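Okay, got some structures for you below.
Here come two complexes built around chain A, the first alongside chain B, the second alongside chain C.
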Partner chain A sequence: MPLKRPSRSSQISPSTAIKTLLLGAAIAFPYLTDARLYMVAAIDVFIMAAFAMSYDLLLGFTGIVSFGHALFFGLGAYLVAIVMKSSGASWLPFLAAVLLTVVLAVGLAGLIGVLSLRVRDVYFAMVTLAFGELFAIGVEKWRTVTGGSDGFNFRLPEFLIDKNHVYFLSLFFMLASLLILRRFVNSPVGRVLLAIRENEPRAQALGYNTLHYKQISILVSGTVASLAGVMWAVAHRFVSTELPSLNRTIDALLMTIIGGTGTLYGGIVGSLTMRVIHDVLSGFSSSHIIFNRWLLIFGLIYILIVLFFPAGIIGSAAKMIGRWKERHPQIS
Partner chain B sequence: MSIVITLMLNGLANGMLIFLIAIGVSVIFGLMGIMNFAHGALFMWGAYAGVTTYLATGSFLLGIAASGIVSALWGLAMERLTLRQVYGNHLAQILVTMGALLVLTEAVKAIWGPNIITVGTPTVLRGGWEVGGVIFLRYKLLTIGIGLGIFAGLQFLLNRTRLGMMIRAGVENPEMVRALGIRIRLVFSLVFALGAAVAGISGMILAVGQGAFGPDIGLSNQLLAFIVVVVGGLGSVTGTLIGAVLVGVTTSFMAYFLPDLAMAVNVGLMALLLLVRPQGLFSN
Partner chain C sequence: MPALLETKGITMRFNGQAVLDGVSWQVEEGSFKSIIGPNGAGKTTFFNIISGQLKPSGGQVLYRGRDITGEPTHVRAKMGIGRSFQITSVFPNLTVSENVRLAVQTATNLRLNFWQDYRKLGALQDQAHQYLAMTRLHEKGSQLAKNLTLGEKRKLELAMLLALEPEVLLLDEPTAGMALEEVPSMVEVIRNVHRQRKRTVLMVEHKIDLVLDLSDSIAVLFNGTLLADGPPAEIVRNGKVQAAYLGGLYEQYAQG
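And then the complex of A and B:
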């Protein structure tokens, strides 16, 4: 007879309460506002959060930097777009395109890993940058299929056009990514990845083939990123060369760093923070020209965070709460 | 046949230019173990500052000087203000230099705008000679000359001077060099500024050679520089030169026969090398 798991506490912990509240707010959101603008912004935040979390798997949990992550994002988006454009709006080709995306993402991630992981760590950053840019250039040059830098729009099955459906689908996609990635980093493989991040020679000395584990990490991360690209294409029904560009990778980098690396939740916090700050700064753009160059401001914030608050928002908040608890042991 | 020689010559000039872009990346990595992802931005600042000075004063030489100085100052600022905080932390170094690439690129866009800037070659450097069907363009010859000159200068500096000795010793064992009373941090800063200055000058030469350039000039050339240092072997001056000429000649031929695939062939070259000889052609 299976033993019942002992419940840890009858009380609900504050963090569970906050998460439940936020989830409830996210579910109620479409019923509270009719403004299309907010819906579109929220959908983007969800999709980019998933993309940033897949980036966090590499940066925060494996300790390697990719500058070509947008390759996977662009791959998913363009594959779905091209298939839907040429086949018309039905389900079968759509699902086939999603499947093909996963297969190709795994293949490409494997290739990049084989080429770059054997040498110094910094090669991974350089090789991913090269492959990412090559992909972006290829998308721009192959005009007959991709429409060049103008991009193109396409049709989708009726169900995927309703904004409410897309909203809940992308919310679901973000939560599923979060749960899968969390499960993955807490698995035995994920623990080895943490060991690699902390001290790779030691992990090797313990008998782990670290190359093999890093390869798995790249495969998982690339697959989630490519599916985020699929979701982006579904939400916008339009693709352009901006999707596989380095700027998209930098977005994921900024979100992960600002939110907090090695936390997964940091991707969500970072994605939301960036969107809000971006929209606020854009609102100021009429008062001073500098607000048009909001990436300049983000870049400076990002550098300051890397130098002085490497834990990001989530990590710094956790530290502050920890210190507060030490000072007030009687509460909680 | 003459077209092949012309293309080779073009490739050599391209290669020398790429060498100038890449050498900073290679030497800075060799000495400090830092892969500078902001190198393309320093290159870009050289192009913009140099061309602006050249257009304002009409003097090409003043433009070259401005490009070197401005990029060196940015390099120095980067090294002092950010990289100094994270010595020894490779992850943070990559992240910080990428941030610097973003900030410096956006700053260029904020100052000069996102549009293409056109610039003419000085009259003295226009045109060329045709000898037996082979075309010798003055500007290309100048580029080859400057490239070879800087290569020779660097070899002299690294192998024949006291500063070069400190740099080479610093690569081997920075702690020991410090213990001998040499301010190795200062040497690091100098090397960083020097690498940045050469990148800036190459930016100016490339921008004027192209006649028109925009804010994407930084990243695309940084990519070439990275391919070159992977092919040539990180930290090796000779390897960088050979790698640069290889990539330059390939690009030149591809640009003539199949321009759309030029970058693909270069990345393919890098991929092949990583498979066969991952430490690069000339690794030490």
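And then the complex of A and C:
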């Protein structure tokens, strides 16, 4: 949680140790297994983690619920895909597409913000839903460019085809997103976002133009989400209408809640948890037909998590550690 | 010289019913002014119009002679009009010092800084601590605001208000809901703010002894109109005020 003060001791704290260990494991992973299946799963986990963290900036830090977040994901993915399909597998158009993605994401986030932030809560969520669906339908209907619901393949520079390269690139992307977002939420602007989440009228009474701050939040979040879309396109070399769909936004929402809102790390934990549950349950599908409907069982697990760990996995763990420290002040 | 704060013919209608009906009234710079009146007299509505939460149906609000009737709350806060709320309004899941630090931050040029770590901006923390000391909350800094007692929350509100360095403080029932033993220290804090820091204070309050004790001047609202406006001694003697404020009770006494 961002509430705790930085420790002044020179000793390595347990949380730093755990993070280092996990990072080491993530770096060693491709050398331990060359099973393609696991590599692809890990890459997806990294990319969705970044996407979920960008969603957490809205949900957990600013306190606004968006149902149109996949719009940015789809935007990044389709832009790169369309540019690469029409230009061939070279670097220059690829980088141009990434740049264009950022510019368009900022522009779209600005537009959506201006049009939707005037209304609050559920109404805001509904307006973002409308934008998201509009985009998804547009992608599906504009068959000449997007290939409709079949989607399409495209080629990439040689370097981006190697699975190891993609693995480390997505790991790096996730870590960069984490560090940038963490820096952002701990900045003076980020603290105002927390204030808005806690009590928006109060933040206004203090003299903050909360509309501007929410706009900044959507810009940053949308940009990170669109880059996650770019990474997804790179990792799969295939795009389809499933990318900008409402389901993807819901995935980000579930991951954030399972991992813990307002923690950033929750996005990573949530992404991993959901993927593991998905793969394990799907693995049982040959033993019983019910496992073909993995979402059914996932729904049950989700309900249990929300009931017993309302703060999410990271949030609940932080609370438990906090309580433990209160009881044993001499140890920490 | 124009009055610091002035209203001209403020009228407020909700569904056609006039809650305020042509209230014209002034606050001099450096004074301590209170608004009293029975429940439903329109005190809070009037207060909300001055701080910008509500827009009046008619009339003007002037600040230093400038018409601010159409200005939103955050602009008024920037101009120097700060208000506290009758219902305590803090950031519950942030620490006490972070609540105040956020208030300090509005007055700085850090408002669009999205790169530096807030914990390394020591000057802001020090200032926040200073306001906490002023409101006697300095030992509670690291607690979450939601864990404070009601009286402490009200003090926290006041600390946040002071951090904005407003010229006028609008205090909406600053001791409402407080435990009795917490009231004197709150009164002390308010008095210090007015006297030592030379701030203009405008207060709505039900505790009449507290109003008489603190105010230079008292305005009485009754049924949406200004019934009387003057120094405490004058208000106490005013027969109309006695009738309106003490209501049936006064008549009972008169009969008895």
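We take it that the second predicted complex is superposed on the first by the 313 of 332 C-alpha atoms of A that agree within 3 Å, B and C clash if a C-alpha of one lies under 4 Å from a C-alpha of the other, contacts with A are read in each partner's own complex, and residues count from 1 in each chain.
Here is the rule we go by: a residue touches a chain if its C-beta (ideal position, glycine included) is under 8 Å from a C-beta of that chain, and two chains touch if they have at least 3 such contacts.
Please read these numbers as outputs of a predicted model, since none were measured by experiment.
*Asks:* Please indicate which partner A:Asn199 is in contact with in the superposed arrangement: first for chain B, second for chain C, both, or neither.
*Replies:* In the superposed model, A:Asn199 contacts chain C only, not chain B.
*Asks:* More chain A residues touched by chain B or by chain C?
*Replies:* Chain A has more residues touched by B than by the other partner.
*Asks:* What is the contact status of A:Phe67 with respect to chain B (first) and chain C (second): first, second, both, or neither?
*Replies:* In the superposition, A:Phe67 contacts chain B only.
*Asks:* Tell me which partner A:Tyr123 touches in the superposition: chain B (first), chain C (second), both or neither.
*Replies:* A:Tyr123: touches chain B, not chain C.
*Asks:* For A:Tyr302 in the superposed arrangement: first (chain B), second (chain C), both or neither?
*Replies:* first
*Asks:* Now for A:Asn209: first (chain B), second (chain C), both, or neither, which partner does it touch?
*Replies:* second
*Asks:* State whether A:Ser187 touches chain B only (first), chain C only (second), both chains, or neither.
*Replies:* Only chain C is touched by A:Ser187; chain B is not.
*Asks:* Which positions of chain A touch chain C when the two form their complex?
*Replies:* On the chain A side, the touching residues are 3, 5-6, 183-184, 186-192, 194-195, 198-199, 201-210, 216, 220.
*Asks:* Given the complex with chain A, which residues does chain B contribute to the contact?
*Replies:* Touching chain A from chain B are residues 29, 35, 37, 82, 85-86, 90-92, 94-96, 98-100, 102-103, 106-107, 109-110, 219-220, 223, 226-227, 230, 234, 260, 263-264, 267, 270-271, 274-275, 278-279.
*Asks:* In the complex of these two chains, what residues of chain A are touching chain B?
*Replies:* It comes out as residues 63, 65, 67, 114-116, 118-123, 125-127, 129-131, 133-134, 137-138, 141, 246, 250, 253, 257, 289-290, 292-293, 295-296, 298-300, 302-303, 306-307, 310.
*Asks:* Give every residue of chain C touching chain A within the complex, in rising order.
*Replies:* 51, 72-74, 77-78, 82-83, 85, 89-95, 98, 101-103, 105-107, 110-119, 121, 142, 144, 160, 164
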